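One chain, subunit A, appears in both complexes that follow, with subunit B as partner in the first and subunit C in the second.
Let's turn to the complex of A and B:
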C-alpha cells in the first residue's frame, strides 16, 4: 500500500476514532471531581492499618502486591528478551575493546564530572528506595536512578561494566526472587500470599509499613539490574558497530 | 476545565497513532508509540484528580485531609514501567532489523518482504 493510500485510509478512521473518544469523554465524571470509593478507603485506612504515610506505595506493595509481582516479571522478561535479541555473534573479542571504550562525544571534564556524580546518584537511589513507604518514591523510581549510575560510569570512560552481564542477570533474578519469596512469606506467616506479615510500626518511621519497605528494596534491586542490563546490551551494540 | 484533560488524552492518542502510521523511521515510530501510550497517564490522572485536594502522602498532613485518588496513581506507575520495557524491547528489535535488512524505514522493510 502506498503512503498516500495509507494516509487517505487513516484520516477518516482517525477522525471517527477521535469523535468516538470525545463522545465517550462526555460520559465521564468532570475532571476535578475524582476519587473512587476504593481510593477513599485506601487514603483513609492505609496509614493506620499499615503504618505507611505514602498511600501510593501502600497500594502498590500491599493491596496490589500480587499485580506488582506480575509487573516485576514483565520487566524481568523484557530485560531477558532484550539480552536475547541483542546477544549477537559478535564474539568475545569485543571484551578487550570494551574496557578502553570511551563515548564518542566527550567534552573537557566530562569524565571527571560523570565520575563525581556516580556516588551521589547511588545515595539518592538508596534514599528514594528506602523511603518509598514514607514519601513519594519507591523501588521502581529508586531502581531507575541506580541504573543511571551505570550510565554515568560508562560516561566516565569505564566500559568495564559491560563485562558484568552475568552478574547483572543474577542480581536481577535475585531481586525478582526476593519479591516472590516475600509473597510466599505472607502465605507462611499469615493468611494469604502477599499478606503483610510484619507489624505496621509507627507511621513515618523508616522501619514501618511491615513488608512494604522490604518489597521496595527487592523491586529496587531488580529494576536497577534490569535497566542496567538493557543499557549495557544497547551500548554494546555501539561498541560492536565501532569495532565493525 | 471540566473535560479538558480527557480531550488532551484523546488528542495524544490520535496524534501518536498518526505519527506511527506516517512514520519513515522505526525509532520515530517507537517514540510515537510512547506518545500514544502517554495518553493513558493523562486519562488515569484526570480520572482521579480532585480540585484543591493534596497528594496522597500523609507524612506532613493529617489523615483527614482530602487527597486525590491514589489508586489511579498506582495504575499510572504500572503503566510507566510497562511502557519503558516495551520501548526498550522494541529498540533492541530495531537494532537487529537494521543489522539484518540495512534499513529502518518501515515502507522499505515491507517492500523487501514481497
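Let's turn to the complex of A and C:
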C-alpha cells in the first residue's frame, strides 16, 4: 500500500476515533468530584469496619478479594506458561554460558553497586508489602520490588537464582495457594469465601485489617516469585540463543 | 483541575509522543520507561497513589527489562 493510500485510510479512522473519544469524555465528572455511591461507602465505612486506613487495599483485598484471586491466577498462569514455553532443553550446558555472559553490560563498580542495593531493596519490598493496608502500596508493588532485588543479585554477578527455577516455581505456587487458602478460611471461620475472619484491630496499627495484611503477604510472595521466574526464563533464552 | 495536574497531563502527552518518535526499539524501551514515570506522576496528582506505585514498579522494572530481553533474544535469532 502506498504512503498516500495509507494516509487516506488513516485520516478518517483517526478522525472517527478522536470524535468518539471527545464524545466519551464530555460527560465525565470533573477530576476530584463525583464519587460513586460505592466509593462513598468504602471511604466512609472501611476504616471503622476493617481497621484499614488505605481504603484501596480494603476494596481489593476485602470487598473485592475474589476479583484479586482471579488476577492472582492470571499472573500465576502467565509465569507458568512463560516457564513452559521458554524452558531450555535439558542437558544443555547453560551454567557456563551464564557465568560468561552475566556481565554483558558491566561498568566499573557495577557489581559492588548492585550488591550494595540488594538489602535496601528487600527492606523496601517488605515495608511496601507489610504496610499495604495502612499506606498506599501492597503485595503486588512489594512483590515486584522484591523481584528487582533478585535482578540486582544477577547484576552483581551471581547467577545462583537462575539455577533454582524449581524453587521459584514452588514459591510462586505457595503464594497463590496461600491466597486461595485465606479465601477458604473465610468459608470455614465465617460466612463466605474471602470473608474477613480476623478482627479489624486498631486503624493504623501494623497488625490491623484482619486478613488484609496476610493476603498482601501472600500476593507479595507470589508476585516476587512469578516476576523473577519470568525474568530468569527470558534471560536464559537470550543467553542460550547466543550460543545456539 | 490544578496547574500541576495540567502540567502533568502535558508532560504525559509529550512523553507519549516521544515514545512514538523514537525509532530504535532499544531506546524506545527506555523512553517508554520514562514515559511511564510521567504517568505515575499523573496518577499521583489525581489522587491515586496506589496506582502510581504499581505504575512505577511495572514500568521502570518490568516493562523495559522484558522488552530488552525479548529484543536480545530476537537479535540472536537473526544472526
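Here is the rule we use: the second predicted complex is superposed on the first by the 225 of 244 C-alpha atoms of A that agree within 3 Å, B and C clash if a C-alpha of one lies under 4 Å from a C-alpha of the other, contacts with A are read in each partner's own complex, and residues count from 1 in each chain.
The rule is simple: a contact is a pair of C-beta atoms (placed from the backbone, for glycine too) under 8 Å apart; a residue touches a chain by one contact, two chains touch by 3 or more.
Treat the numbers as computed from the prediction; the structure is a model and nothing was measured.
Trainee: For the three-chain arrangement built by superposition, which of subunit B and subunit C touches the greater number of subunit A residues?
Mentor: Touching more of subunit A: B.
Trainee: Touching A:79, do we find subunit B (first), subunit C (second), both, or neither?
Mentor: The answer is first: A:79 touches subunit B but not subunit C.
Trainee: Which partner chains sit in contact with A:212 here, subunit B, subunit C, both or neither? Use first/second/both/neither.
Mentor: neither
Trainee: Examine A:118 and indicate which partner it touches, taking first as subunit B and second as subunit C; both and neither are also allowed.
Mentor: In the superposition, A:118 touches no partner, neither subunit B nor subunit C.
Trainee: Could you tell me if A:71 is touching subunit B, subunit C, both of them or neither one (first, second, both, neither)?
Mentor: A:71 sits against subunit B, while subunit C stays out of touch.
Trainee: Going by the contact rule set out at the top, does A:149 touch subunit B (first), subunit C (second), both, or neither?
Mentor: In the superposition, A:149 contacts neither subunit B nor subunit C.
Trainee: Is A:42 touching the first partner subunit B, the second partner subunit C, both, or neither of them?
Mentor: Only subunit B is touched by A:42; subunit C is not.
Trainee: Considering only touches as defined above, state whether A:54 meets subunit B (first), subunit C (second), both or neither.
Mentor: both
Trainee: Going by the contact rule set out at the top, does A:28 touch subunit B (first), subunit C (second), both, or neither?
Mentor: first
Trainee: Report for A:7: first if it touches subunit B alone, second if subunit C alone, otherwise both or neither.
Mentor: After superposition on chain A, A:7 lies in contact with subunit B alone.
Trainee: Do any residues of subunit A touch both subunit B and subunit C, and if so, which are they?
Mentor: Common interface on subunit A, subunit B vs subunit C: 30-32, 54, 56, 136, 140, 144, 227, 230, 234, 237.
Trainee: State the interface residues of subunit A toward subunit B in the complex, per the touch definition above.
Mentor: Spelled out, the residues of subunit A in touch with subunit B are 3, 6-7, 10, 14, 17-18, 21-22, 25-26, 28-36, 38-40, 42-44, 47-48, 53-56, 58-60, 64, 67-68, 71, 74-75, 78-79, 81-82, 85-86, 88, 134-136, 140, 144, 203-204, 223, 227, 230, 233-234, 237.
Trainee: Name, in rising order, each residue of subunit A that touches subunit C in their complex.
Mentor: By the definition above, subunit A touches subunit C via 30-32, 54, 56-57, 128, 136-138, 140-141, 144-145, 147-148, 151, 227, 230-231, 234-235, 237-238, 241-242, 244.
Trainee: Any idea which subunit C residues touch subunit A in the complex?
Mentor: It is residues 1, 5, 46-47, 49-50, 52-54, 57-58, 61-62, 65-66, 69-70, 72-73, 76-77 of subunit C that touch subunit A.
Trainee: Can you tell me which positions in subunit B touch subunit A when the two form their complex?
Mentor: 1-7, 9-11, 13-14, 17-18, 21-22, 46-51, 53, 55-59, 63, 66-74, 77-78, 80-82, 84-86, 88-89, 91-93, 95-96, 99, 107
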